[in-house]
Amino acid sequence: MSAGSSRETRSNSKAVGEGQAPARRYHSVRAQSEALARPLAVEDYVVQSMPDVSPTKWHLAHTTWFFETFVLARFAPSYEPLEPRYGYLFNSYYESVGTRHPRPERGMLSRPTVAETYDYRAHVDRAMGALFGRAGSAVLEEAASLIELGLQHEEQHQELMLTDLKHVLGRNPLRPAYGSAAPMPPEREVQALRFFDQPGGLISIGHEGPEFAFDNETPRHRVFLRPYRLADRLVTNGEFLAFIEAGGYSRPEFWLSDGWATLQAHGWQAPLYWERADSGWFEYTLAGGAPLMHSAPVSHVSYYEADAYSRFAGARLPTETEWEAVAARQPTSGNFVERRHYHPSAAPDDDGVRQLYGDAWEWTGSAYLAYPGYRPWAGAVGEYNGKFMSNQFVLRGGSCATPERHVRATYRNFFPPDARWQFTGIRLAEDA
Amino acid sequence: MSAGSSRETRSNSKAVGEGQAPARRYHSVRAQSEALARPLAVEDYVVQSMPDVSPTKWHLAHTTWFFETFVLARFAPSYEPLEPRYGYLFNSYYESVGTRHPRPERGMLSRPTVAETYDYRAHVDRAMGALFGRAGSAVLEEAASLIELGLQHEEQHQELMLTDLKHVLGRNPLRPAYGSAAPMPPEREVQALRFFDQPGGLISIGHEGPEFAFDNETPRHRVFLRPYRLADRLVTNGEFLAFIEAGGYSRPEFWLSDGWATLQAHGWQAPLYWERADSGWFEYTLAGGAPLMHSAPVSHVSYYEADAYSRFAGARLPTETEWEAVAARQPTSGNFVERRHYHPSAAPDDDGVRQLYGDAWEWTGSAYLAYPGYRPWAGAVGEYNGKFMSNQFVLRGGSCATPERHVRATYRNFFPPDARWQFTGIRLAEDA
Amino acid sequence: MSAGSSRETRSNSKAVGEGQAPARRYHSVRAQSEALARPLAVEDYVVQSMPDVSPTKWHLAHTTWFFETFVLARFAPSYEPLEPRYGYLFNSYYESVGTRHPRPERGMLSRPTVAETYDYRAHVDRAMGALFGRAGSAVLEEAASLIELGLQHEEQHQELMLTDLKHVLGRNPLRPAYGSAAPMPPEREVQALRFFDQPGGLISIGHEGPEFAFDNETPRHRVFLRPYRLADRLVTNGEFLAFIEAGGYSRPEFWLSDGWATLQAHGWQAPLYWERADSGWFEYTLAGGAPLMHSAPVSHVSYYEADAYSRFAGARLPTETEWEAVAARQPTSGNFVERRHYHPSAAPDDDGVRQLYGDAWEWTGSAYLAYPGYRPWAGAVGEYNGKFMSNQFVLRGGSCATPERHVRATYRNFFPPDARWQFTGIRLAEDA
Amino acid sequence: MSAGSSRETRSNSKAVGEGQAPARRYHSVRAQSEALARPLAVEDYVVQSMPDVSPTKWHLAHTTWFFETFVLARFAPSYEPLEPRYGYLFNSYYESVGTRHPRPERGMLSRPTVAETYDYRAHVDRAMGALFGRAGSAVLEEAASLIELGLQHEEQHQELMLTDLKHVLGRNPLRPAYGSAAPMPPEREVQALRFFDQPGGLISIGHEGPEFAFDNETPRHRVFLRPYRLADRLVTNGEFLAFIEAGGYSRPEFWLSDGWATLQAHGWQAPLYWERADSGWFEYTLAGGAPLMHSAPVSHVSYYEADAYSRFAGARLPTETEWEAVAARQPTSGNFVERRHYHPSAAPDDDGVRQLYGDAWEWTGSAYLAYPGYRPWAGAVGEYNGKFMSNQFVLRGGSCATPERHVRATYRNFFPPDARWQFTGIRLAEDA
């Protein structure tokens, strides 16, 4: 129901010490949100195609509300809200901040208009600019971590803007494209999937140190692992198609009980956005409809589908510890939003485990729960992560819609097991 | 889900005989739809605030689709649709014309955009213009009745555009106004309600003659009526408030069983758009929120509320025959959309039964069923009225959102008994 | 949700004047309810197979509660309830008598047990016996009409006991039989359907006179009818099968809009209780499963199916006035519950309109509404009929599950248009 | 959604080697199911008060079906089913064994009757007796582990029979008692809650060895634990009441997001079966309604309530490893079903951690997932545990409705976090 967080942010205190760096980072992140919305028609900002999806307009306003509520209201005493009722309209789920507009009705609001929403952003950006003008002040020092949280939060919503928009456009029978994406690499053969042995033992995972991380990544702690084997790349569309063709969606033996019930309730027969035509399989992408690319990683699968596929393949999903133990040794580079494909692409031919970052979030077999010794942040922002610790699974590694700097090895994303509208894919593991 | 129709249309054949008159009427009705949309922001065109409501964009496209499907496809062989998939998107409920986009998902379509929708209108208007250019031709003679039906249909949707938009704007917590309405007359005392005796006997109702009427108004037929008494004006907000203050919404003895269940399921405590504040009652109108005007007719009540009020008042609702017997003797003038109040206004002080036309549709105690000897129109347009003949009640007289020329004494509107988003009000009757 | 009522009851005052006749009638009706339950296993008394259905145990207790609440509580001051909480458990829908147990939860009550329910009946019967012992007293005179209403009410519930039980047993995959029914006449050819001309004119319908009738049958009043033609018998299973084989359930042109939506929501493909096997069509009856008898009247069809069939047949359903005008000239005899078939049987070969009484309730095209001048009974029993006057259609003539003496020409039964679990069938009519 | 398993069963092979011991155990377990049903009226066997609850009749038949399907059909070639359609009616969720009757409709079956259900049990017991007569044979050796599984399965259903019945009787407004329970100890003071330090380190949990255990308890494996502190007893009703009185059910800061939504959707204001009267709090127990006993452990709380309470108390729930590390050092004795209280009772005064077994299942903070290296059983019984590994939490220790011999330190029960109708309680833990 939520999203994720920040890679490689320099330490906050250091950043503040660097004078205008925080202001530059603020305006850069804020500008990126607006850049992502630039290809849209006004009408595209308004629609909510299912309760999980929010209109673009809402994302732009809600991220602004975050700074207004958690930073300006507290650290800028002379700040005047542009419109007090926005506090009600753009609160997402912070119970401690007051009542809020019901989530499933976000698409029923034609007002504020898109132009008024940008006015709201400008109003808050000006006030934030004034706050940054007090660089070095005690107030700004104190606000720094909340400002950084607000930017991390906005980066998460940048990803949701793309995935929500894909849902809005993708269920329109006209199948319009989002805008100019960078061209995808051509179809090609991919190397056969291999598993690489991993040693197990007493492993430390989780975040420690001065860099930004969400509370749910802490504390760093030890986990005992048995030796295991991790697949070298994500499962491809072509491999997943073999599951479909083997009757995977009509054979209960592969499925969790809840998964089978969900499949039947929704009539699932393929990943979200797949369509079977007489001439073969097509997939809706943010560049429009396209023939299914067999070499690309499968995405838009639920946990249930990932788990069922792993059983079909005689394997299983990795735990989050198994994933992090390997990922911690690799650089966080990959097919992130900066490449402007907005779609997963085939793993490079190579030796060893790769494609851990970018392309598609990887479902793990770990329930999203507190780490031993976990403490939520103090205050209202303590509602950020901890209160979702039931009925969700952990995903790792980021996707083609995630800002590259936002992800790191310890980053924990989480979604309910039936969620499909994110770029979610499958990496396999095995017992040694 | 609704109907509507035409008053005082000159006979179709005559109109056609007058050369350019049909073309002028066509372009005038089409222009009026666009004029009604003029005060809107682009965002306002997109939203569907409940399944019964359609986005303005959809109304503008659907009325255009009607001409494309039922006129151009048949009478203009060289006509090329602008976009063939619009046939799927903008069919409302004509089963015989093919499958259609699901009604509750009309608000999930950001495309076609508003500009593209106007392009669609212009495309069809050009083709219709070419058809009118063949004035006097056998083709045009043959098409004339379908063209007139299309215009009547568009007039009905003009009313729905306003009532749907009221729902969209009215449930927005910002309570925006629709645009510049003509100022309402000031609050004042209204004359006490009186009942006037009506004779009964063998009465003829229904339509007969060359003027346009919907199939459901025919055939003209005889109904035996007992003597009765009809209230001289609509029930006012002030009178309805007395019902509320007497506990009307918590006393089951006034309510039909289905009405009581509906009230409880939805938590109704007042008509739609009423709000109780510390300083008294307010009402959302298309001019924005305003203190409740006691002299104005109550509107936005369901059949259940109208029926419960009538029982509270020791009276009952009139049958449609009782209504028509009186209305047929009066001119069809009143507070219609042309006055640009977009809200019911107080009855003039006068002697005798008045306010039968305009202000608010009047719920009758008659179920919407076929008249004796009824025959639906031939072809696909036979789905226009007949297939809704269950679970609906008849309303008469038009409202402040109806084009004046659209209504006549025999006109039968119909809605399910729980509908509240139209301008629907209450006239009382009694047995003699 | 339904009604029912009494034919041929001698005038109440006369009955009371005859001394023990009221007591005999009371005990005879009460004994008949128990006789109908005799073939059941204890478990059969408990189950509620859908919200519309009540457990047999509930029927036996609720009819008893009626006498306790409306007769004993008022006319037998020393009466002590066996268990005060039964007042809550066994109230059906009388808002004015207090809160009540939710209808959909009637099948969740294992207590009172069946034996305790019979104890409750005996307790009330003893108190009623004591009341009858005061024959000729002013109290009994005053109670007489409520006692008669209680007996009419119990006769209605006798029919519901059978139809509810049919639903309980019929949806059990074991398809158990209710008990020993009289053998059905063998399959045979039926005469081709004919229509007989009826004159129309100013017709009087409705009840007048001292015999018992429900309030909704009054007052007797005049209705103007056009000449029409009425089918001589009910539509048979064989004829309805032709509708199915012509694709009737997949052709929207035959259906009301609400009917088509209902058909799709429930997946209807045949009347309730029909099953298609490799060897042909079967029908569940209270005697168990049996091959479909083509000559028998179709039953367990909704209004929507009756209406769709009539359109397929190029005809229509009669109005209730058209039905009563003919039925009033005929004796009320037919295949009623006393024949113990518990299933409709083929119309006898004969000349003229027949089978108007018994076999299956006949859907009319008339909405269930108040007659002109209608006044509900005073007091709590005024909730008996009037509050259901929306969203229901009138049925006439009784069925194979109705007590013969309960029906008469003016009797108005009513059900919502999607109801199928009663013995409901089809008679056709045409305009002359 | 399911239940648990077996303590202290001698090894299956050994048991079989002892000749008639398996037969004795079989008949003893089977007889215990029937003994539990003995206090019931026939009607009590039939009702399903919510989809999670099954009628007693169904439990008795389903446990029988298990032996018929998994043992007799495979190992007794001449076995003839009493009624082949029972295979459809009494399959719970085994997809690989064929289609099945829908779970929410189990309460709609009046047949087979209770007597027929006992006939079915006797029929299968006779066939099982014949199978046991072949003691020492290879067939019986092969069947032994499935027979033991069937008995473990029946023990689980014995617990469900009691908890389901409590729901059936407890929601009946008459609040009937189940039957004669042993008297509860009187109200008294309980010692203040204390936490005891536990060392942490590399701990082994899970089952290993020849005794019976469910697949989900295996394999035994190592888990690294930080030092922690475990509460010495269960949280009492009196302590939970303090949470309620502090506004616990209206303060979102204590609740998981899903828990808060669940609370609001259902209107929870106290544990299931608690009722507030003018004279104080009452609780429905299987002995009937009774004043709330403050010293007894709170039960019938969901995971959400347990988790919220722990946050209110400044503590947390233990993980299943933390629980098992302590419980493995203690004998599995406590207030189990054999004491016939059918209700949790106050912890004895003592030093050290106690009450780990019996009284109430203890919610842990561990999601129900596979242990590292987990392999489900082969064949259809592989659907027993593994397919429920999503959206459930682990519970430990057994309850007052569990057979004592059925539980052990490694036993993992699991339910969704909103389940309240089991005897589920709260033990607290803390970080050291």
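For the reader, a short list of remarks on this structure follows.
The chains carry the letters A, B, C and D, assigned in the order they are written, with residues numbered from 1 in each.
We take it that contacts are C-beta pairs under 8 Å (C-beta built on N, C-alpha and C of every residue); 3 or more make two chains touch, one makes a residue touch a chain.
As the structure is a computational prediction, the values presented were derived from the model and not from experiment.
Averaged Cα coordinates give chain A a centre that lies 60 Å from the centre of chain C. As a whole-number value, the distance joining the C-alpha centres of chain C and chain D reads 47 Å. A straight line joining the Cα centres of chain A and chain D is 38 Å long.
For chain A, residues touching at least two other chains: there are none.
If you draw each protein chain as a dot and join the dots that touch, you get one closed loop, with every dot joined to exactly two others. Under the contact rule defined at the top, the touching pairs of chains are A-B, A-D, B-C, C-D.
Taken together, the chain C residues at the contact with chain D in this complex read 41-49, 57, 83, 85, 88-89, 101, 107-114, 168-169, 171-174, 176.
The touching residues of chain D, counted against chain A in their complex, run 1, 93, 95-96, 202, 221-226, 252-253, 255-260, 303-304, 307, 316, 319, 365-367, 369-370, 372-373, 387-391, 393, 417, 431.
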